[in-house]
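The following pair of complexes shares a single chain, subunit A, combined with subunit B in the former and subunit C in the latter.
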Partner chain A sequence: MERTSNLLDEALAETTKNRVVLIEDCVETSGAFVLHHLMKRFLSPQSSTCLLIFVAFANPFSHYDRILRKLGCNLAMQKDNKRLLFFDMLMPQCTDEVVRKTGQAGLRALYHKIHKAVEMASLSESNRDIIIMIDDISVMEIAANGSSDDVLDFLHYCHTLTTQFGCLFVVLAHEDIYSVADRATLLLQMEYFADVLVKAEPLPTGLATDVHGQLTVLNKSNCYGLGNSRNKVHNFHFRLKESSAEYFYPGRLT
Partner chain B sequence: MAETICRSLRDGALEGEHAAALTIKDSIYSPFGPIVFNHVLAQLSSFILAGKSQSRALVLITLSQSPSFYADLLKSNGIDVASSHKWLRVLDCYTDPLGWKDQLAESGSISSSSPSTSVSSSLCKDVKNLDRLFSSILELGKGVIGEEKCRFSVAIDSISEMLRHTSMASVARFLSNLRSHGEISSVFWSLHEDLHESKTSAALEYMSSMLATIEPMTQVANGLRESTENIPLTEQNFNRGKLNTRLKRRNGRVRVVCEEFSVDQSGIRFKSFSSEEAVAQSIVPKLQFNLQLSEKEKNDRAKVVLPFEHQGTGKSIEIYDGRKPLTDETLGVKPSNVEKVQTNVASGSGDIIYFRDSDDEMPDSDEDPDDDLDI
Partner chain C sequence: MAATKARTSSFSRNFSAAPSSVTAGLKNGPNGTVFVSSGIPDLDKILGGGFPLGSLVMVMEDTDAPHHMLLLRNFMSQGLVHNQPLLYASPAKDPRSFLGTLPSPSTSKDDKARDHDVEKLSDKGLRIAWQYKKYFGEQQMSDHNRDVKLEYCNDFDLRKPLDRHFLNGQRIKCISLQDCSNMSTLLDCCSTFLSQRQESNITCAGRIAIQSFCSPQCDFSDLDWDMLSFIRSLKSIIRASNAVAIISFPASLLSSSYSKRWQHLADTLLSVRAIQDEDKELAKLLTGYQDMIGLLSVHKVARFNTQVPVILDATTFSMKLQKRRLLVLECLNQAPVDGSSGSSYGTTGSCFGSSMAGSLDF
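On to the complex of A and B.
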């Protein structure tokens, strides 16, 4: 399948190293497809120097394997090629580890694993792009016994990896599970330290058959003077298909 | 005013007073706190380097960015980082705030070498212990200024991170210890207001002699953010905002200055509001319309020619008021009518006298009410 540039790729074009990408979604519109899109992009033959470290809290390996195969990417093979490192936190032994060592200790153990993997990868081959992805912060919060502070500590340490080793760090979080009163803590903190914010929302006009929702991409790193500042806010609609997704500006559906 | 803030920090503490303190406060609607912090840091650094300020050295406590980030920042502001060992110390609470990396290094699974930076930094592995943090700040500060009788400044890049690790009470004690210490000239820190309760930010504002609040240019209505309806608004607030500065004097006098800023690749630029705008701001703070006219707009308005008005094409404008034109009178109309009327009045018989003011007046229906208009 030909990988052509689309609006999402364009919006994220400058997002390569040293960045934190936060994907925010809601019940009506799942943002998981952005994650799949990025997974495929980093594992494609074009970017052969990438190492993807995927921490799965929400779905097991078989789920991602099935979806990515439809998109034309074989996860099992990538795993064998040492381009994908999959931490399946739903496996019984992993869950035990996180739950048994209550809260912080579990996340610390997870961080230690990630740090070791990143350091090994950067030592073995210089100039290697490392991407760390976490598929659901909300489930991670549950694994940490609801302590958002522990999750933030963990995220902070992952942030140090981005500056130390030049990793890209991608996380997904649900926007609407936090009430107005306590959204102050976790989600706001994450928005403060994210460089790029990708928001998946339903259309304001309601459900449509040919448009499944809209994406808003806010590249905050531009205002730190690190990139060019044109197109600060990208907004476009998308339509999900069985084996791909279409992105288009409002009203430009072909 | 950003200039005033930097000058006050430069001038530092008076003898027998607490150190000057600045809180930089922002919210997610306009998250430019770190950028303003960086600006103040760079300004103060250049003052210290030029020997203009009361403090001779700077201790920077990093919680949200790595020391190498600040080294790059100072470099890009044209400050000589190579000589920084003479005046700058960094206390690195970013790299390993809870000692997780330390544990990993002890078990031998990773190399313990911390990333090298061009600024001299020392690692803090337990942020929760503020007493130890305090003593290491003093140690670092005294290490730079040596035995001389002079002062140093302290910068904390995110008090929000610190508040997350410890309690409000201990942070307050930590800050007031810093302020009352005799060798400290000025302290400044940045705070994300919406992460904390309002009493927390109020407590921090009490402890600071200056407060810089960053606000979006246009307020977002009813707390909606970045949803479809206000994308233009988000874009508007994306690289600019307002800086409200409150300066408190020793006697309690308060001065408030409002300023505008914009952020681009080259950094942050401040621009003062013009006085007229400031007045409009104070009366109608949350209005999106401009109710005031500028001088130019007033002049332009005076020049506008309304439609259907006599355009004055050379001739003098004549408006018919029911009388004969003046020119006819001068030609000599017989005064007979006037005399006749006068005799009637003299008879005094009580008749109603109808006096037509003009002989050739047409009946009323004939009068054109729009005669003065050029239709």
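On to the complex of A and C.
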């Protein structure tokens, strides 16, 4: 890509196909901006063959539409161009039968929709990049009436899609919910099959106006190669703006 | 385009100069949001204008003290003064009786007295530097009040009950949480409340206040997932309508992972804490400790349609009752440490001694 690359792009450089990306955040620092960044990247004109399937549990379409428009990407247009498939699971009027079914049935219906879309896309054009994004797993658990097994099943199925069709699977989860030992299963399993782990945390010294938090990117796929191990963990600070975000190494703020 | 129109400025105050286009009690904010007042002028200022319409506000209670009631009362009163419909749910047997404790907007005489107070302070001229910020903020705020006093946010006199005419002939609905055996009845109440508003074509905002949501009096207090899915559904119907919901809950009664889930679901997250009377350490550290009734922390500020987080100067504020009537929030002011700081000049050589480190514990 000829765009000026930043630290986050560098850290996520090889994540195009066959990968699972897990984003972890907490109450103090939201990690949603990583999703926005990736959405913009995949819907940019450079990667014109991408299909983005976005499952929104946390925020409605209008919220994402406004944010991405400020980032320079028109979601409504991408929707018309069939490059974006948006499942709004929050707003009742937009959602059809998928949400009205709760629990296991709802998740199953959602998976079938995703599966169908992925299959159609890969049939129509081989070698097409397909990205599946889920913006909040913990709300998905609520939608499944607290059955984390059902959610795990769902995530496993989506994981199989990544190998079968070469999709990229991006998931956001709130780490602090799962910090208690007996609740950790879901997050541990996700961490296990994630290839890239992005963790958004507040600064240990508290909030600041010019540094909004720090990101730790663990790229597991790099670890296997010899001599590459020094690239394993990227750690940098970020500052968010309406139209972009700045990423810099600690203390290198210009 | 709507987006460009709403984004003329990120300063919400500009809009208060031209309130004619907006209904009373509403204020345009950045990113196409519309604010309603929390009923506490200082809190509105801290949050950048108030609570955005469509947001879910959560207040974490202190189980020992009823400070969350102060927030709820002001929030509800402000809505009634603006003639906005109100839905109130509480675990009490007779929730309607709570309406009798709502505060009334302070009369203009009180306001003048308050403004006068501030002016008097600003006339004094010389001021010690560490206190300066406090007065500066207050002065700004009173200017702000004068502009929007009638339209947007009132000061409430906590000792004067709200006039009856505000309570009668209004669309006020009260529910006792004890009567709700399961969550779906409560959710139905909320959704009919919101849809009634839409049917009767009322443009003004609606307010939903739910007090002590997961308290043990409620039948459903052990159904963690049901409560969560209620909050999720409430959040989605609130988002779709012109309303704000505020839920206070005793966070300590929930297990830590569930409490985190609740906090993640909140758009705006506040917590209140009582302070002990006899906390000598704290009394030494903070000025005006005697007047404080509690602390209010802002953990999360709603950010709709934007990815930029709101970074506040301070996240913890002291709650004070001015003249025992008006609820004000102030930044915590750390008192200069008397005596020990003086002695450190004398003994420059040992200024990093253990005694210094002990007293200046930031």
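Please note the rule applied: the second predicted complex is superposed on the first by the 231 of 254 C-alpha atoms of A that agree within 3 Å, B and C clash if a C-alpha of one lies under 4 Å from a C-alpha of the other, contacts with A are read in each partner's own complex, and residues count from 1 in each chain.
Please note the rule applied: a residue touches a chain if its C-beta (ideal position, glycine included) is under 8 Å from a C-beta of that chain, and two chains touch if they have at least 3 such contacts.
In this text, all values refer to a predicted model and were calculated from it rather than measured experimentally.
Per the definitions stated earlier, placing subunit B and subunit C onto a shared subunit A by superposition produces no clash, and the two fit side by side.
Look at A:139: by the touch rule set out above, it reaches subunit C but stays clear of subunit B. Within the superposed three-chain model, A:28 lies in touch with subunit C and out of touch with subunit B [touch as defined at top].
In the superposed pair of complexes, A:246 makes contact with neither subunit B nor subunit C. Seen from the C-alpha centre of subunit A, the directions to the centres of subunit B and subunit C diverge by 110°, a value given as a multiple of 10 for the model superposed on chain A.
Contact with subunit C, but none with subunit B, is seen for A:90 once the two complexes are overlaid on the shared chain. When the two complexes are overlaid on their common chain A, residue A:36 makes contact with subunit C while staying clear of subunit B.
In the superposition on chain A, contact is made by A:60 with subunit C only, not with subunit B. Of all C-alpha pairs spanning subunit B and subunit C in the superposed arrangement, the closest lie 17 Å apart. Applying the stated touch rule to the two superposed structures, the overlap between the subunit B and subunit C interfaces on subunit A comprises residues 180.
Remark: subunit A residues 108, 111-112, 115-116, 119, 149, 152-153, 156-157, 160, 163-164, 180, 184-185, 188-189, 191-193, 197, 199, 201, 203-204, 214, 216, 218, 220, 222-225, 228-229, 232-233, 235 touch subunit B in the complex. Listing the residues of subunit B that touch subunit A in their complex gives 28, 31-32, 35, 64-66, 68-69, 94-98, 100-101, 103-104, 109-111, 115, 161, 164, 192, 194-196, 223, 226-229, 231, 234-235, 238-239, 263-267. Interface of subunit A with subunit C (complex): residues 27-30, 32-33, 36, 60, 62-63, 66-67, 69-70, 90-93, 102, 136, 138-139, 142-143, 145-146, 174, 176-180, 183, 207-209, 212, 240-242, 245. Listing the residues of subunit C that touch subunit A in their complex gives 3, 31-32, 224-225, 228-229, 232, 235-237, 239-240, 255-257, 260-261, 263-265, 269, 299-300, 304-309, 311-312, 315.
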